[in-house]
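One structure, pasted below without further comment.
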Amino acid sequence: MRREGVNRPGRPTRLRRRQEYGLGLLGVVLAFGVCEIVGRAGLVRRSYLPPASEVLARAAELAGDRSFLDGVGATLWAWALGLGLAVVIAVPVGLLLGSLPVVDSAVRVIVEFLRPLPSVALIPLVSLLLGTGTETEVALITYASVWPVLFNTIYGLGETDPLAKDTLRAFGFGRPSVLLRVELPATAPFIAAGIRISAAIALILAVATELLSGFGEGLGIFMAQASLATDGTRDVLAGVVWAGALGLVINGVLVWCERRLFPWTPERRGSGA
Amino acid sequence: MTLRLDALGQRYGDHLVLHGIDLTVPDGQLLCVVGPSGCGKSTLLRTVAGLQPASEGTVTVDGTPVTGVPDQLAVVFQDYGRSLFPWLTVRDNVALPLRRRGLARAERRAEAERILERVGLDGAGCRHPWQLSGGMQQRVAIARALVCRPSLLLMDEPFGSLDAQTREDLEDLLLEVHRTDGATIVFVTHDIDESVYVGDRVVVLSPGPGSRVVLDLPVQLPGKRDQIGTRGLPEFVELRAEVGRAVRGAQGYPTG
Amino acid sequence: MSEGQKDSRAPDDARTPTPARSALSSHRPDRSAPSATSARDAHPSHLLLRLLVLLLALAAWQLAADAHGSVYFPPPSRIAHRAYELWFSGPVRHLFLTSAAFEDVLPSLGRMAAGFGIAALGGIAAGVVVGRSRWAYAVCNPVLQFARAVPPPALVPVLVVVLDFGTPMQITSIAFSAVWPVLINTAEGVRNTDPLRIDVAAVLRLGPLERLRFLLLPSALPRIFAGLRLSLSLSLILMVFSELLPGTADGIGFTLTDAQSRSDLLTVWAALLLLGVLGHLLNTALLAVERRLIGRGRTTP
């Protein structure tokens, strides 16, 4: 049970769903209004910061723009490829490290050095190595997305119920069997959460590399080119709207999948008071 | 402090929890409120504490209507693990209410130590609540309630989650505190024995919805109360039986 | 079951894998990583092993690079030497820092500190305001979710147009990217303050500031730090990214692009080495602060 909060102690009221949506909509409208006013008030030159309505109109218009959509498609393709590769690499490595603590402990020092390295810093190096094409983009996305999946896999493996493992062992199952039947399913929710975190990071890297490389095809490239044009901010902001929408949709889909696939995880069992 | 409830009622939307409760607790009385679980005992306490406005009727303390948390009031909750702040030491927990008294830090600490000693926790001040046993944690919560010398003390099933031995110790601590401080105490419990042992007076609420007072019984027991002797007294057994009947048969019990 | 354990478990709860409704939860499991290591860190034998592995890896790289002679993968000894030449071979009175270190490394760090600082303070303050009221939370939530979903580099071109190149633009980029995770996590943390404790604060008649200091902030702290960690890595990313753009004149990122344009791979590697070390140090520092603030009174003995 959850109560109203600080100001209105007392009866366990909570906002109704509809109320919540209404207020959320109000917030969106307010934010829109503020952007609109800032754009129109002339604090900054209008071509620098166009009002929200123009940006949204442009963003909607782009939905019918063939070449723009192709760009978004290219970005999403690189995103998916990079993320997919990261999962393919990180999950097995994570399972390996997680089940062999000595190796984990030994390799950890290298990992702890590689992980905090801001991944965008690799853009110049990788561009020198691979050129400024999709390979670079995918390589960078993969690099950046590996870490959350890897760490979550290792961590999730550590959280497996030892009783379940022992039970299976007691029935004479071997190590691989235990890994497959107990540890992998128990770790799956953690892996999924890692993938969700990586998905956001992958999008950041996709946009970042495209913005810097500046030619080819992609959402970031569209924005990079628009930013060079006079009065291009409107297009850039329309691109931002698209990027944000993509991020929201991706996150929403992944959260939904997690809920469908792993309904048993603790948070859903009502532990969050 | 005299506490008065007049035709007090409490409802959540359509759900009526309390209805038509008239009760006067004279200064210095220890009143026990007993009732089956879900009868709205806690709601009653929250309303008296000013944590929740009454939907019907009024609560007055010394003639002043309660609108917010009244001055000179302290509350001990059942769930000591949540009511104490785990990020503060025991001493800081106890000293917390003293901040609004404008005391210097050293004075606050000294006062906290003094009260900790009184509840039998001398030397535990520097530890954190979660390092103590349940009974000791509840002692800390009691110390925190007493540190401002409240004249009205509300206790919401304070010993409900403790084991029998600890519970008896704390009941005796409460009696000792009541004897020396003379505060008005409202003690909510679902334990019939406890209510008779601790209370000057026992009030039984009917099961909800719309709980009312179905029994209002003064407790007169001879001599100083002690766990073994008092509980063996024929008067005690009789009172306990009467309260028990009221709790069990509360549904159709004549209001008197 | 003792309720006393309930709170002490709170930091662990924060590791639960799945999202549910909270915005915060999407970062939760990542925070498991540092705590998962901590237990093993204690073992001296493990430390020794790690050192050994590190040395072995470096030696292997050194041998392979020497044998191969590839321009793209220079041996670590030369990278380290280049880093030393570039930044750490200065005079004693400058703490051995060279003028290049003063011109590139320190401005980068300064901008990052400023951006991250603004994001942290602003995010915590705004998060408390949003999290304290259900209404404010409901109003702000969709906008915040969108703001967080935008990949931060996408905003940099806009900021370049509005603020032009230079430190203000860079600090704004960092702050604007890093603020969302802190803000959302703080709001979530404050919102999930135990209602019983809110009652306790009311009964103790704590003032608004005392309530903030003794109740809301401490109980939201684990989530605030989960947000801060995410914000820190975003700050680093944005620090580098805002310097990689053509048009910047200084910073570690500038060193990188400058070296890239001259195909000076040794300097590129040296800059990466520097960034890795800096990132590691900053993360470790934040973790140390977190342990100091939360470890006390929160872990089950």
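Going by the order they are written in, the chains are A, B and C; count residues from 1 in each one.
The criterion applied here is as follows: a contact is a pair of C-beta atoms (placed from the backbone, for glycine too) under 8 Å apart; a residue touches a chain by one contact, two chains touch by 3 or more.
Just so it is clear, the model here is predicted, and its values are computed rather than measured.
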From the centre of chain B, which chain's CA centre is farthest?
A
Going by C-alpha centres, which chain is most central here?
C
Chain centres from averaged Cα atoms put chain A and chain B apart, in whole Å, by 51
Distance between the centres, which are taken as Cα means, of chain C and chain A, whole angstrom
17
Averaging over Cα atoms per chain, report the distance between chain B and chain C in Å.
48
Numbers and ranges of chain C residues touching at least 2 other chains
194, 199, 202
Multi-chain contact sites of chain A, meaning residues that touch two or more partners
9
Return the residues of chain B touching two or more other chains; collapse runs of consecutive numbers into ranges.
46, 51
For chain A, which residues count as touching chain C in their complex?
1-7, 9, 14-15, 19-20, 23-28, 30-31, 44, 48-49, 101-102, 105-110, 112-125, 127-129, 148, 151-152, 154-156, 158-159, 189-190, 192-194, 196-197, 200, 203-204, 206-208, 211-212, 220, 223-224, 226-227, 232-233, 236-237, 239-240, 243-248, 251, 255, 258-259, 262, 265-268, 271-273
Chain A partner, complex, touching residues on chain C are 13, 15-20, 22, 25-30, 32-33, 36-37, 40, 43, 46, 49-54, 57, 72, 132-135, 138-143, 145-158, 160-162, 191-192, 194-195, 198-199, 202, 211, 233, 236-237, 239-241, 244-245, 252-253, 256-257, 259-260, 263, 265, 268-269, 271-272, 275-277, 279-280, 282-283
Sort out for me which residues of chain B touch chain C in the complex.
46, 49, 51, 69, 73-75, 77, 79-83, 85-89, 96-97, 99-100, 128-131, 134, 137, 144, 161
Spell out the residues on chain C that touch chain B in their complex, using ranges where they run on.
2-8, 194, 196-197, 199-200, 202-207, 210, 214-215, 218-219, 221, 296-298, 300-301
